[in-house]
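Going in written order, the chains are labelled A, B and C, and every chain counts its residues from 1.
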Amino acid sequence: MTRGRYREHRAMRLRLPIACIALEVILIILFGVAVEYDHDVSGEAGHKTNTTHHDYENEFYYRYPSFQDVHVMIFIGFGFLMTFLQRYGFSSVGFNFLIAAFSLQLATLVQGFLHTIMTGGKIHVGVESMINADFCTGSVLISFGAVLGKTSPVQMLTMAVFEVILFSVNEFILLSLLNAKDAGGSMTIHTFGAYFGLMVTRVLYRPNLDKSNKKNSSVYHSDIFAMIGTLYLWMFWPSFNSAITLHGDIQHRTALNTYYSLAACTLSTYAFSALLNHEGKLDMVHIQNAALAGGVALGTAAEMMITPFGSMIVGFLAGAISVLGYRFITPFLESKLKIQDTCGVHNLHGMPGILGAIVGAITSLAATKEHYGNGLTAVFPKITSDFPASAQAGMQAISLVVTLGIALIGGIIVGFILKLPIYGAPSDSQCFEDGVYWEVPGEPEDCQELAAVKSGEESEKLN
Amino acid sequence: MTRGRYREHRAMRLRLPIACIALEVILIILFGVAVEYDHDVSGEAGHKTNTTHHDYENEFYYRYPSFQDVHVMIFIGFGFLMTFLQRYGFSSVGFNFLIAAFSLQLATLVQGFLHTIMTGGKIHVGVESMINADFCTGSVLISFGAVLGKTSPVQMLTMAVFEVILFSVNEFILLSLLNAKDAGGSMTIHTFGAYFGLMVTRVLYRPNLDKSNKKNSSVYHSDIFAMIGTLYLWMFWPSFNSAITLHGDIQHRTALNTYYSLAACTLSTYAFSALLNHEGKLDMVHIQNAALAGGVALGTAAEMMITPFGSMIVGFLAGAISVLGYRFITPFLESKLKIQDTCGVHNLHGMPGILGAIVGAITSLAATKEHYGNGLTAVFPKITSDFPASAQAGMQAISLVVTLGIALIGGIIVGFILKLPIYGAPSDSQCFEDGVYWEVPGEPEDCQELAAVKSGEESEKLN
Amino acid sequence: MTRGRYREHRAMRLRLPIACIALEVILIILFGVAVEYDHDVSGEAGHKTNTTHHDYENEFYYRYPSFQDVHVMIFIGFGFLMTFLQRYGFSSVGFNFLIAAFSLQLATLVQGFLHTIMTGGKIHVGVESMINADFCTGSVLISFGAVLGKTSPVQMLTMAVFEVILFSVNEFILLSLLNAKDAGGSMTIHTFGAYFGLMVTRVLYRPNLDKSNKKNSSVYHSDIFAMIGTLYLWMFWPSFNSAITLHGDIQHRTALNTYYSLAACTLSTYAFSALLNHEGKLDMVHIQNAALAGGVALGTAAEMMITPFGSMIVGFLAGAISVLGYRFITPFLESKLKIQDTCGVHNLHGMPGILGAIVGAITSLAATKEHYGNGLTAVFPKITSDFPASAQAGMQAISLVVTLGIALIGGIIVGFILKLPIYGAPSDSQCFEDGVYWEVPGEPEDCQELAAVKSGEESEKLN
């Protein structure tokens, strides 16, 4: 090994450890400086006065079951959804794990910091901050889906740093400045994460990706692993959309609406998947992804009085749009716009996210006392006689534009940052291949014997 | 392709899309006409007066964690339990997904409609209706287990339409007319679903199924996938049985009793599985299924004062009966009665369901003030001096007879409906094979090379 | 077959059934004699007076979601974590299931019995006893991880009997006599289970284990199955540590601290895994195990005011120690101390458990009114002016010593009991092989054809 190659080898070897250790040490220091328990967490040692409530009124009991469902979506749901690739299972579930564990810590700091601008004081953590951090992490993982198989772990950690910050800024603008409603994150999480990721993968375009194209596909077992991810996302999406809504009937309604949207979405996904196949066969890619679009598309409106009827219409449309996207738009994006979207996040998060933003704006228009009773101000605290429902709808629409703007521009800039040749990105022929970053075990004994047949060693063995 | 074959081909291609779209559009219209939020969901816009309670008294917090456990059982539990077949994993988990997403919507309407006969007004939806709809879906999926691998998706959707209606009628008769107790559905869910499905598969008997018999078995990895289903069903069965019981100590007790029944059932399953094997080896089919019989067998009595002692005896018996069923009764049903029960639902749901009904009737006999204190009327609202515990037990016994009658007769009729040659049912040689309905990916690259050995192409490759 | 061999064969065949049936019958009898519902379970029939509270104050709603998370960790988490072995998946997940179902019943009795020494009366069961029984079961499963692949099921059930008793005695000494704090079981569960299991595997040392060493490794798919276990353990560890803490802010804080510890631990695991590999590649064994050490290491201190900052430092250290253990200490234990630790429980539970005990003792030193406010007595009921924080810290340190003593001595004694030649232990060449205890299905059809190539049968087939 020449000295140059050795140095390169060592750099490769140390890149990920240094990145992880440096980032974690910075996080720990910042947590030490800036974070303290929320009053529901520190109990009677709390610095706020509102600590005389009963134990059962602790925020923990309202939100922890939902938090755990969201947590499962982030680590099992996203992680296993991406295991469909035949030789990238370790990376899919393993890098998903790494990026998520990092992002949730950083998100706590950045979201908390922006919140202290409004409230002052230190960053408070509790079950709500845990959910919000997981939400931001979800957005990063959506972008991860777009670049899956084509980036190194250090590249993805770098992306996460920038994306967490931009996500939090966008979320702050939408929720705190524009007073938009987006409890399930159609805009803040899905639209943002998808278009950010699509821009990153656009900048990182690989013209010769067909070198590893054989590996950019599933095998029988990997598709079943991916269904674990799909089903957990599907089942727990009602918890996702309702995790940070107000207590009581609003949380109840949000979960219910999402449940109906997803059920309708599933039927339309199966219908359109078979319809678009020339033999009428179902495509696992559609089932794994498009059936979830109903949850994305209700991310803004689920807490509103959209009714099960409205939810089902939205879900049905979302499934159809998503399947059509996989069939027609993804190939177009790849061939014409040079956007290589590994997981098809444009179809699962991008278009359904925009649909969700539009549905949210339209549903806001019907935000009247007649439909909401005294619950109106709970859902729309800004709506008054001076700020009618149409103004709220306008704010919702503006929020979508802002989100798209920040995501697209941010994604391009971060894409160029990630293009620097310092991250140990895989070569074209190494894409979609675990072996670059992982010690990959051998095949089962039987297979080894079979493989021995191939290489002509068998005669030795049997003689 | 002749014109006739072309037309047949197109019909095949369009059958599933048309069925899904038509059914979903009808569901959406009916939801639009007939469904409204329950008062706990619409909050202060609700039309009922009982809206002044605290947020923590919202039904959502009492039931949503249980609902999510039940939801996981329906989609992951049932779905993965059926992935044991070597070449039917896509269909097992995928059609389970489709049928469940459809059934829960229809069940909401049918169960809700029958309920409005008693209460008047529109159909109310909330977390309780979500759980009840999932329960009805569970029953459909049990029948799905009996016909697994031998039916087309359109056939199964058709079965679901009829079964949801019959299930709801039977449930209405038992719970509302006969005042039977059956919170965990030993009768309404398990006995009904099993015997209905067994009758359907009897009518659809395929004398030449041995053509695909090689595929009607598991492989190593598919058995491990199936254990995911088994364990989620096992772990969450306490939530299943307790999901719609009354709040507080009754819900607490129901979960506890089920937990002990399942634990005892697991030991008896392992014991009898090894005992009946001529080498003393364990059989994965038994472990995957019979270990769950303890949950089924406590579906009626779990909310009663059966005590952990009684629960464990029931669980132990249920495991033994179930293993014995797999060993002796399933072969008998197939060879003598022409009932081809793919998943052995007779052993997991049929016999343990009947056992559960009997245990429920017997336990009702001991429904006295002495055992229940003031809680007696909470569990048995009908029991008074005029309607003694023995009358309740009688009602429980009659309920079992009614359930068996509706399931058996309904199953035969629906079986004949499903025998019509319009559903694109698979031929005998296509049974237990994903490739008929799904785009199935190729094998991993290694395997392709190995396969090349077989077909003699290797010389080309290596030269 | 000679008569001697026949008798041996029958003994082999009957050993497991007899053990399971005998143990379960004894359990059922003891439950019948000694167990009754807790007052929150029996409701108004309860014998205590404290039954006038509202439904939402029932212990069930405070603890059941956490219980279900813990339950998933026990059956899916531990079970799938151990499926990494290529030919031992049925046994890993299946024996885990059997041992856990048995242990939780016995633990209910033994823990309950020791508790009645303090309170008198019968053993009370409810959601708290369910969690405590699952905790004890977790400790048994840790020991199971040390002996995995090298023991028969009857051997493991025997180990469970003794370990449950010793665990409960140790727990009783720590929590009731020494007044130590250990809600998440750094000492009682992890340290105890690990060192007990290490001593058992030491006594059962197999010098010729290399005969089956080929099978003592993973394959690609088995590593992905194992990640299901890892992720569920990781996600639900906050529920594990907080499951039996006091209500309200303490439970809230415990979950929060654990969440941060695990996140930091994950980054340090990835860092050290890559750092210690000569090519900078990640090792699945580290990711699957070491990333969980952050939960173990906070098992004692999580309920204290350790702050997110402190939690992250502990988590970071735990990940590093655990990876270093896999890299350097496990090979040392095997070659020098003859401790064959299949799953590396010393690295995941042993050292991080000791770290957790030390962290708990140190954190106790800072147990002052200043940090805890009026909440001090809730966390440390014994601390008064007469019993200062330093005394509490001393009790914590003594508890670690007691735990290590009972685990080491108990493990050696039980190891010798398990060495008796009556349990049907596998021979050296049968280790890590499902086929000894399970009916193992054939390979997929394709593979059978491929295998036919190997054995020269192909010519027949093709001709």
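One rule holds in what follows: contacts are C-beta pairs under 8 Å (C-beta built on N, C-alpha and C of every residue); 3 or more make two chains touch, one makes a residue touch a chain.
Since we're looking at a predicted model, the values are computed, not measured.
Engineer: Between 0 and 180 degrees and rounded to the nearest 5, what angle rotates chain B's CA atoms onto those of chain C?
Structural biologist: 120
Engineer: Shared numbers divided by all numbers used: is that above or below half for chain A and chain B, i.e. same or different?
Structural biologist: Shared-number fraction below one half, so different.
Engineer: List the centre-to-centre spacing of chain A and chain B in whole Å, with centres computed as mean CA coordinates.
Structural biologist: 32
Engineer: Using the touch definition from the top, which residues of chain B touch two or more other chains?
Structural biologist: 56, 61, 65, 221, 228, 443, 450, 453
Engineer: Provide the residue numbers of chain B that touch chain C in the complex, in ascending order.
Structural biologist: By the definition above, chain B touches chain C via 56-57, 61-62, 65, 69, 86-87, 214-215, 217-221, 223-224, 227-228, 231-232, 234-236, 239, 247-253, 255-256, 259-260, 262-264, 266-268, 270-272, 274-275, 277-284, 287, 291, 305, 307-309, 312-313, 316, 371-375, 378, 443, 447, 450-451, 453-454.
Engineer: What residues on chain B touch chain A, complex-wise?
Structural biologist: My answer: residues 12-18, 20-21, 23-24, 27-28, 31-32, 35-37, 40-46, 55-56, 58-61, 64-65, 68, 71-72, 75-76, 79-80, 83, 89-90, 93-94, 97-98, 101-102, 104-105, 125-127, 130, 153, 221, 225, 228, 437-446, 449-450, 453, 458.
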